[in-house]
Amino acid sequence: MLLLVAVSIDSIVSNPRFEWDVVGDYLFDDRILDGLVLTLELTVAAMAAGIVLGVLLAVMRLSPNPLVAGASGFYIWLFRGTPVLVQLLFWNFIAALYPEISIGVPFGGPEFFSIQANSAITPFVAALLGLGLNEGAYMAEIVRAGILSVDEGQHQAAHSLGMSRLQTMRRIVLPQAMRVIIPPTGNETISMLKTTSLVSVIATAELLYAAQLIYAENYRTIPLLIVASIWYLALTTVLTIGQYYLERHFGRGSARELPLTPWQRFTRIVVPRHAEPATEPEASGR
Amino acid sequence: MLLLVAVSIDSIVSNPRFEWDVVGDYLFDDRILDGLVLTLELTVAAMAAGIVLGVLLAVMRLSPNPLVAGASGFYIWLFRGTPVLVQLLFWNFIAALYPEISIGVPFGGPEFFSIQANSAITPFVAALLGLGLNEGAYMAEIVRAGILSVDEGQHQAAHSLGMSRLQTMRRIVLPQAMRVIIPPTGNETISMLKTTSLVSVIATAELLYAAQLIYAENYRTIPLLIVASIWYLALTTVLTIGQYYLERHFGRGSARELPLTPWQRFTRIVVPRHAEPATEPEASGR
Amino acid sequence: MTEPMVRAEQVHKRFGRLAVLKGVSLTVMPGEVTCVIGPSGSGKSTFLRCVNHLEKIDAGRLSVDGQLVGYRQEGDKLYELREREVARNRAEIGMVFQHFNLFGHMTALQNVCAAPVQVLGIARQEAREHGIELLRRVGLEDKRDAYPSQLSGGQQQRVAIARALAMRPKLMLFDEPTSALDPELVGDVLAVMRGLAESGMTMIVVTHEMGFAREVADTVVFMDGGVIVEAGTPSELLANPREARTRDFLGKVL
Amino acid sequence: MTEPMVRAEQVHKRFGRLAVLKGVSLTVMPGEVTCVIGPSGSGKSTFLRCVNHLEKIDAGRLSVDGQLVGYRQEGDKLYELREREVARNRAEIGMVFQHFNLFGHMTALQNVCAAPVQVLGIARQEAREHGIELLRRVGLEDKRDAYPSQLSGGQQQRVAIARALAMRPKLMLFDEPTSALDPELVGDVLAVMRGLAESGMTMIVVTHEMGFAREVADTVVFMDGGVIVEAGTPSELLANPREARTRDFLGKVL
Amino acid sequence: AGCGSEDDESGGTATTSAPAETSGGGAAAAGTIAIPDALRGKGTLVVATDPTYAPNEFVDRDGTTIIGMDVDLIDAIGERLGLEVDVQRATFDAIIPGLAARRYDVGISSFTDTREREQTVDFVTYFRAGTSFYVREGGPDVTTLEDVCGEKVAVEKGTIQATDVQRQNRRCATPADLQVYPDQNGANLAIQSGRADIGMADSPVAAYIVKQSNGMFRLDGEPYGTAPYGIAIPKGSGLARPVLEAVRALMRDGTYMAILRRWGVEQGAIDNPKINGAID
């Protein structure tokens, strides 16, 4: 097993087709770094929008009011159902369809407010709209699954204490749903890092597109894709670690023992057993 | 609210830029339909592979054996961390890196088996490898969240009855985890419908790429993207309905009342209350 | 004449085709302690849940402290209350569940303080002090930072009682509050409840502690099959039941 | 001399820094019924879980039917058992939990039949018939198709007992099996357990039913603070406890 | 939208070659060509290009500037029209909808002018490209289009080569295995890995690819055929005629040839630009 890994690492490092020298040259290229920054900005902004929207849509979806639940269901259907590429193009070129965005009374009523679509919606705004609105639909399903995973008794206990539906959601249900919500949200965030590459259709050069632009010029496709992959892996590593600690945080009080953090595992080996840190027993559930 | 919807439907139908006649022309075009079939084949196959792999990886990830858990963690990190685009290119063009795939003893030992990479890995196989292996990493996280959502007492009760770890997973934990696993898996499936469009980088024409090839030729971008969107929406509708019934199925015995199916809601209105179907009371939880 | 605290008239409740309450009528005056006994499945829990409007009743009339539960009457018409109003009414009724239902992500003390802070808007520090005091009353001051999953069943139920008391409710509903407690602790908790009763708290207690019922209850009610079979003072009902079913049940229990 | 069914010698168990079992020694002979009593938090549940190898012990020796729990001895060395072997040993020990832990996605009958079919490989039809028979024994033949969430607490616990009996175990562990049952049903369940005891089943019962202990137990064990304070026949221990702590506890409970 | 009066200059009626009007008067000085008022007011010509097609349009080493033959030409055209030129990056999927949305005024991205495409946008032709073959070093030989029959051919989507091979396939005994990649890189990677054997691209692009390949690829056979490149302009925008005049002016004063020479693509020069000049 370890041999296998060693052999494959060897064959990757020594294979000339990977052109590791070129990888090194471009790893910190300005264009790549600019793309990286944009990727990060878009991911953070779109995920933030997606999560807020998702929580809202999920709560709506579970509402007893069929109109509210239906509206949310329709949104989820529509935005999950159409390709993000199309949504991005739509937001960017909404001007082709509606050259002016105006708010007013329809059917010839007065117009309150009107703006040129092209100037209101910059490519960055279009990218955010496209990615965020789309992500909201996916997050809604994830949050809904999380809410459903919390025991009905928790709702009832909260209600019997006089908490409103929203307070119950916010204070009681969602915090306990987090354990179930976090892993797929990690998936979504990591996906989003890469979905941002679709915004290249509206000419915003995030990480992958930056690499593509470079290899379009010099045809060093493989090393440049490796450069992009290295950066994506680095970002994923950071996110995975963040996810790990978030899961620990929201796992508090849950019915299973928390896994040790790598750091605790380390001290556990170095420091003798009976000298365990004082916080240890508190942290472990039944 | 309804007025708003009516107004926007009106403005969509009557807007000439959508070129609805062109949409009609291409909706059942052979190339589009072929692409649709390929999209379906790839989605079904890749999701099947991804789900099987994901369950395996999730169970491994929660294993008490640190080597097994670590191997699974590494896989998840690597495959979530690199863009699918790169993975697809890697599998399709592995020949550029390793013209021959051979199985044998490394470091000059005998070779047991050797094959031309290009003939072993057809573009379809490459697409499946790329999409399926990648999806496995995402599904692993979703399944893991599901498993964690099942009360620890369930494990213990099953263990005390002499069930092995695998039996417990298969018979007791996973069925109850399904409620939490299904919604994000629905997300993944619907995403996958669209992720298949990435296989265009290996010159395989699924739905969206088929549309792109057509508009690359005739420049009718908007109507052809509408054609693709209509098909995606149709597929999403089918999947959403399927998901709804799956959730109902796995929600049996859960702590909340099952929502009525649209059909039941219909009969509920038409048929007077005291003539409810005989199965009704069984279906509602406490 | 004072208004009754709880007045139920011909309350009906069904789940699908299963009728669980088939016309329950009961009046509880302020300061009264009513104990409800009855066999499993007789609808005791369901009735308590209706009083707290956790279930909607299908027919009949149910009011708490003069106010219809879940409805507002204007003239002859009934209007369904809005969620906010239902919540406000529930906040004045404490409930202790058979299955604890502690909030799993909060420590014992946080469980006790959450609702007073969130719902009543009491200052955090004040709620905390009151919470510690209540935990002491149920004998758990040293477990204040433990999560429910780290407590035994008995400990969990005591936290649940403290949590309900923290809202200073005008009516307390107990659904077998001692059924998961260790015998040696039952006494302590019953003492707390006795103290509550003496301080004038109106209480409906579903219980199988006949000793408690005999000593504390003003009225004992025997439910079976979704109806109240018999009601009376403890001495009447427990010592000289009129109905055969009651006699039968008591014969098994005592 | 027959081999004891359970032999515990100086069993220790700690959670983090909290020592829960501090040297528990106990021998249970085949066919014997041992009742364990003791205050909340004294480690009764933890001890049962160790016997069933749901928890690993930290020090001491624990064997069931002559086999070390979780280890295999070859010469002087102990080898940890593989998962499959641990599972096989567990299958021979029935356990009824304080909190039922019924499988939520299965009906009552499915709960009872699952393990016999999966673990013992009994034919589905046979398991079903046996399952129906067991449900009848706990008075729930009419609830066989109900899901746990549709059953009251009492009903759930009775299904859990039937589920454990379905494995035809050679040792049964009960963790407060009647604490969530209605008084009128406790008698029925205790009757089932009494029948079991008479049929020669070896049982360890954590309980607060002193009547049951007095009548059925061969040995009563009083635990407190992670150790066995006192053990003896029911008449010795319950009537004439030697230790002050035991007297104290019994004074509160009886 | 909707200055319908100018629709006459397009309308799919092909070759409205109009040398008559202004041809006599000498070099059109900067700013003397009449352009629509809206554009005049805006003062900027927004140009879309997909800069992944060196040497015609690609991104310079600084990562932001787009350079290439097309860019130099459109800069010069803008100067003739008295407009600032703002070249924006876009992928192919976005350019046509972007023109329709008037987000871009024109698109210049090595577009081949075809009859079918003229249904959607107007083209002003400005160049003529042949097709070159290139193969992996050690790969099969190819001299003419007939030789692709039975071979594995990689091309970029939307190129004239994709259409050419499709047409040729109807005449082949064993048709070629045509692989259409989303971009030229995909095609190159396919050839590099042996998944395809023959690459086809516009001559200047093919030459550039071979130069960049470090000896991995070589040009093979003779370039064939010619197809016009056109600047894509939304129908009804009133811009086709001014652009046409600007191109003519550039040809007259030698700027045009100078630009082509700078990029080494003077073989593709034309002398009679047209609105919608597709050849059948």
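All chains are identified by letter, namely A, B, C, D and E, in their written order; residue positions are counted from 1 within each chain.
Convention: contacts are C-beta pairs under 8 Å (C-beta built on N, C-alpha and C of every residue); 3 or more make two chains touch, one makes a residue touch a chain.
Keep in mind the model is a prediction, meaning the values are calculated, not measured.
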Subunit D and subunit A - chains in contact with each
B, C
Contact-count maximum falls on chain pair A-B
Measuring between Cα centroids, what's the chain most distant from subunit C?
E
Could you state the distance in Å from the CA-based centre of subunit B to that of subunit C?
48
Centroid from C-alpha atoms only, then distance subunit A to subunit B, rounded to Å. What do you get?
17
Could you grab the centroid distance between subunit C and subunit E? Build each centroid from C-alpha atoms only and quote it in angstrom.
81
Can you compute the centre-to-centre distance for subunit C and subunit D, using the mean CA position of each chain? Integer Å is fine.
32
Hey, what residues on subunit B touch two or more of the other chains?
17, 89, 96-97, 151, 153, 222, 255, 282, 286
Two or more other chains are touched by the subunit C residues 99
Residues of subunit E that touch two or more other chains: which are they?
93, 97, 100, 189
Interface residues, subunit B side, partner subunit A - complex
1, 3, 7, 11, 15, 17-18, 71, 77-78, 80-86, 89, 96-98, 106, 138, 141-142, 144-146, 148-149, 151-153, 179-184, 186-187, 190-191, 194, 197, 208, 222, 225, 228-229, 232-233, 235-237, 240, 255-256, 286
For the subunit C and subunit A complex, residues of the former touching the latter
49, 52, 54, 83-84, 87-95, 97, 99, 101-107, 114-115, 118-119, 145, 147-150, 160, 163-164, 167
Name, in rising order, each residue of subunit C that touches subunit D in their complex.
39-41, 45, 98-99, 152-155, 176, 179-180, 182-185, 187, 208, 249, 252-253
Which residues, counting only subunit E, touch subunit A once they are in their complex?
1, 48, 51-54, 58-59, 62-63, 88-91, 93-94, 97-98, 100-103, 183-185, 188-189, 209, 212-213
Please output the residues of subunit B touching subunit E within their complex, sorted ascending.
17, 89, 92-97, 99, 118, 123, 200-203, 205, 209, 212-213, 215-222
